[in-house]
Amino acid sequence: MAIALGPNQYGKAETRVVRIDRDSPVHRITDLNVSTSLSGDLIDTHLTGDNAKVLPTDTQKNTVYAFAREGIGEIEAFALRLARHFVDTQEPIHRARIRVEQYAWQRIGDAPHSFARGEAAVRTTTVTYDGTNTHVVSGVEGLVVLNSTDSEFWGFPRDEYTTLGETQDRILATAVNAHWRHGTHSEDWGASYAQARQALLDAFVGTYSYSLQQTLYAMGQQVLERQPTLAEIRLSLPNKHHFVMDLEPFGLTNPGEVFHADDRPYGLIQGTVQRDGFPSAEDAW
Amino acid sequence: MAIALGPNQYGKAETRVVRIDRDSPVHRITDLNVSTSLSGDLIDTHLTGDNAKVLPTDTQKNTVYAFAREGIGEIEAFALRLARHFVDTQEPIHRARIRVEQYAWQRIGDAPHSFARGEAAVRTTTVTYDGTNTHVVSGVEGLVVLNSTDSEFWGFPRDEYTTLGETQDRILATAVNAHWRHGTHSEDWGASYAQARQALLDAFVGTYSYSLQQTLYAMGQQVLERQPTLAEIRLSLPNKHHFVMDLEPFGLTNPGEVFHADDRPYGLIQGTVQRDGFPSAEDAW
Amino acid sequence: MAIALGPNQYGKAETRVVRIDRDSPVHRITDLNVSTSLSGDLIDTHLTGDNAKVLPTDTQKNTVYAFAREGIGEIEAFALRLARHFVDTQEPIHRARIRVEQYAWQRIGDAPHSFARGEAAVRTTTVTYDGTNTHVVSGVEGLVVLNSTDSEFWGFPRDEYTTLGETQDRILATAVNAHWRHGTHSEDWGASYAQARQALLDAFVGTYSYSLQQTLYAMGQQVLERQPTLAEIRLSLPNKHHFVMDLEPFGLTNPGEVFHADDRPYGLIQGTVQRDGFPSAEDAW
Amino acid sequence: MAIALGPNQYGKAETRVVRIDRDSPVHRITDLNVSTSLSGDLIDTHLTGDNAKVLPTDTQKNTVYAFAREGIGEIEAFALRLARHFVDTQEPIHRARIRVEQYAWQRIGDAPHSFARGEAAVRTTTVTYDGTNTHVVSGVEGLVVLNSTDSEFWGFPRDEYTTLGETQDRILATAVNAHWRHGTHSEDWGASYAQARQALLDAFVGTYSYSLQQTLYAMGQQVLERQPTLAEIRLSLPNKHHFVMDLEPFGLTNPGEVFHADDRPYGLIQGTVQRDGFPSAEDAW
């Protein structure tokens, strides 16, 4: 029973590139964390350390900075340029996967070149290109949202280890991690992202929820319904538990007003919402 | 040469209390991290484990939640209520120090009970009360700001270990950590905080900077000038270095457009700006 | 083109259970972080919020603690018991995946009930059970190792973005993240883990390295060779760069003695080593 | 009421220097995180941005690397050399404070140049020098220890917010953060550190505890008693709560065997143990 090399990839992770567009007195800022990952004909370096086909990760990093010089634009477009470059110029490289995180900044008042970090949520993309096929996944991570009512949880099965009470009113809070795969690649990426982010928020706000699963599905469905060119969306939603404090020992009622925000453990709800008619693409993720 | 107990305090750190004000259909949210710290006649528990004077940290936690039931309001006022409670009701406790962090939430659109986490910056207070004297320090932490120009750094001394070039144009970025001590305790705490935060931003934006020290002083000065009842402000400003990438090896210029955002090491500039006429109060910090 | 629910799972993440075995005066400690994840006939809760088939995540947490009462033993065995319980007792649940992290403690001297946290590296397992098939993956994460010599990197291709010099002597450092899939499930799990961990270290130490890929393959090969019942191993190795400082400006040589340990970006080398004769099992990961 | 500059300092934080001693085939590794902080006649840069007296933080970083070239030795000695250099060579600098963290590595087996990261606990020093006086503080941070019995907590006062039960047997766990000030500066720093660390462990193990305060004092006392040249020790001990799980709902007893390791909130016990006969030195911390 022979031992052999299986799937593998390598690259430079977390290149922190910041670009200032200063062609006008009103500057713009783009703040990215870029990770590149290449695979292909790489058996030699694994078996013998022969690096003749190993474009250094340092070169990959340099390429990110050099490409940023020509302008970044939307992160999906930037990642596409990088992915194509590596596969099209390095013969042994058969697939490139580029992941980009974009940090939010907002202008301070109307100051032309002053910025403050915005929301903690991060816009992301993962682009995969193998010389023939291209996959583009866009996403948002760490978008923390909370409904202070309109959430219930009851009717669940009870076994010998069940102690949880049913509730008709609870806080529902989560950090939205959502990634959606584009079925076409000619989007206005910025508009598409804004629309998807808004759909997630609208569905979170608009769903009277009996389970976080129900909210998850509603969010995914809303995103797909608004953009017919999206093939699927995957959501991972931690249930950020807020427990009603029992204040009775102190002679106090607590009608859903005072909560303990707990750290661990937490529920974790993960699910995919997909549209018929698009081929699946496990390689895109 | 005898060995003896010196200064000491104990308490419950990081009680995560969330309050929903739901007296109207439009809910409000207050999200806090509260740490209490008590000191006093505590020698017995240190020397013999006699806990007769040790109000449990669990009780301190309970007190935070119980007090939240009556409403929280501004964090300075909430901390004052807690501090006075512990000192005034526990005879052996001679001093209470309450630290509160408040996390920012913003309403999602005009939804009545849906919220999204806002900026990463945290509003803080530290209140100290010893039965006679009260100190209130307010602050902001992690307010990340960046000027993409109008920052220079030159004219510094050069010794045998100096290799840094002078620059007439650089990015100046920092995470503002600022804490200011109130000279009076009847402020409209919310308005005072908003004004101080705005003063910090205005000074950061408005200062053409030759050093981060200069910017620090301008920020502190601006805060004190706008609020005559503030006694002092202490700032700790990491210099979040953004290095211009050398793109010449790739045949590219880089006129201040493409930067590497570095993690470590980082400059760290710390300073106090103070107003004459207020007694110093090391105990407040 | 209809929109529909795709793959999904839910569970309780990061239940922190600590067990003290105190049947003898010499106590033993087991410190775990357990995450459970269930999937099955869960479409109702997603579409309508009907929770009749949703065993609460709170119940899953309770089950972890209750099962710990009977003893934990090796984490693979504990995860197997949990996985089988959920699938075999909950008709709508068709698959359970249990992930366990175990933190290292070591006895302080020969004290019978005193312990200090040991190495930062974490032992892990992921067990998947669907009523018929069982998969067991064991692993180690965060095992930080460093060779101060016997590492070279040269002979790589150079394109227009390549500036990296070749080196015949560098530091090679990484944080080993390795997970191996068992082909059989009757192992002495503790002995198997110890042997795999030792094989990783031995291969890291014993490989004169021309690339981190070569070291990765050698580590994976060594693990598989020593345990014929292991089907495959997946490694993810960040290249923790240590850059030789240029001390020439200060009139100093630096023959590989003084380094800057950099944070980001970092190389990331990922690869699988697999043995013929075992069916693949993507579902195990 | 004039506004003026108060106390201030600046420097380079978190310079990550790794040194390999390779004068013999058996290498040794020193892995440090060094922060420098200078104060003095720095009013000009704050008020006008005149940097004529501001030795750049970049130069401070270079100095750390250059000094490491000559060998590092014990961190206290290394910090002393750096502190004296800055004050003695830069006329406007009146005080230097150098903080060093040292990460633990251990040799892998008997391999001559292979290492694995050791315990998570970090050895630290803070050295302060003002041209005349020198202060040396040594310490350990993050030393996580746990007693699985021999800890009680009862006899505490009960007020209207007290719900905690008394206990005659609990887990006592903490992460030791301890810093001790040397009264003399000619120690064998390495031996002194080893002895202090051992004293902390011995006292933790050897104290039958009725409160974490009692354990804290015993630890501090033990350190001072073993080293007559230590002036004081400051300890900060988070009470890492391990709550006995209530398994009664499942028909199970739980005689101190199954615990939930909680994250927040946590008790925080802070105290100083000091020896008569040494002058106090607030400036050392």
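Per-chain numbering from 1; labels A, B, C and D assigned in written order.
Simple rule for what comes next: contacts are C-beta pairs under 8 Å (C-beta built on N, C-alpha and C of every residue); 3 or more make two chains touch, one makes a residue touch a chain.
The shown structure was predicted, so the numbers you read here are calculated from the model rather than taken from an experiment.
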item	value
Subunit C against subunit B, contact positions shared by both copies (same if over half, else different)	same
Chain pair with more C-beta contacts, C-D versus B-D	B-D
Maximum centroid distance from subunit C, chain identifier (CA atoms)	B
Rounded Å distance between subunit B and subunit D, as computed from the means of their C-alpha atoms	23
Chain centre separation (subunit B, subunit C; CA means) in Å	38
Whole-Å gap separating subunit C and subunit D, where each centre is the average of the chain's CA atoms	31
Subunit B residues counted as touching two or more neighbouring chains	16, 62, 66, 161, 163, 249-250, 263-264
Subunit A to subunit D touching residues, read off their complex	160-161, 163, 249-251, 263-264
Touching residues (chain side subunit C, partner subunit A) in the complex	1-16, 35, 37, 42, 45-59, 61-63, 66, 89-90, 152-159, 161-164, 209-214, 216-217, 221, 224-225, 228, 232, 238-239, 264-277
Contacting residues of subunit D [partner subunit C, same complex]	16-22, 27, 29, 31, 62, 65-66, 68-69, 105, 108-109, 111, 113-121, 143-150, 171, 201, 204-205, 242, 245, 247, 249-250, 252, 254-263
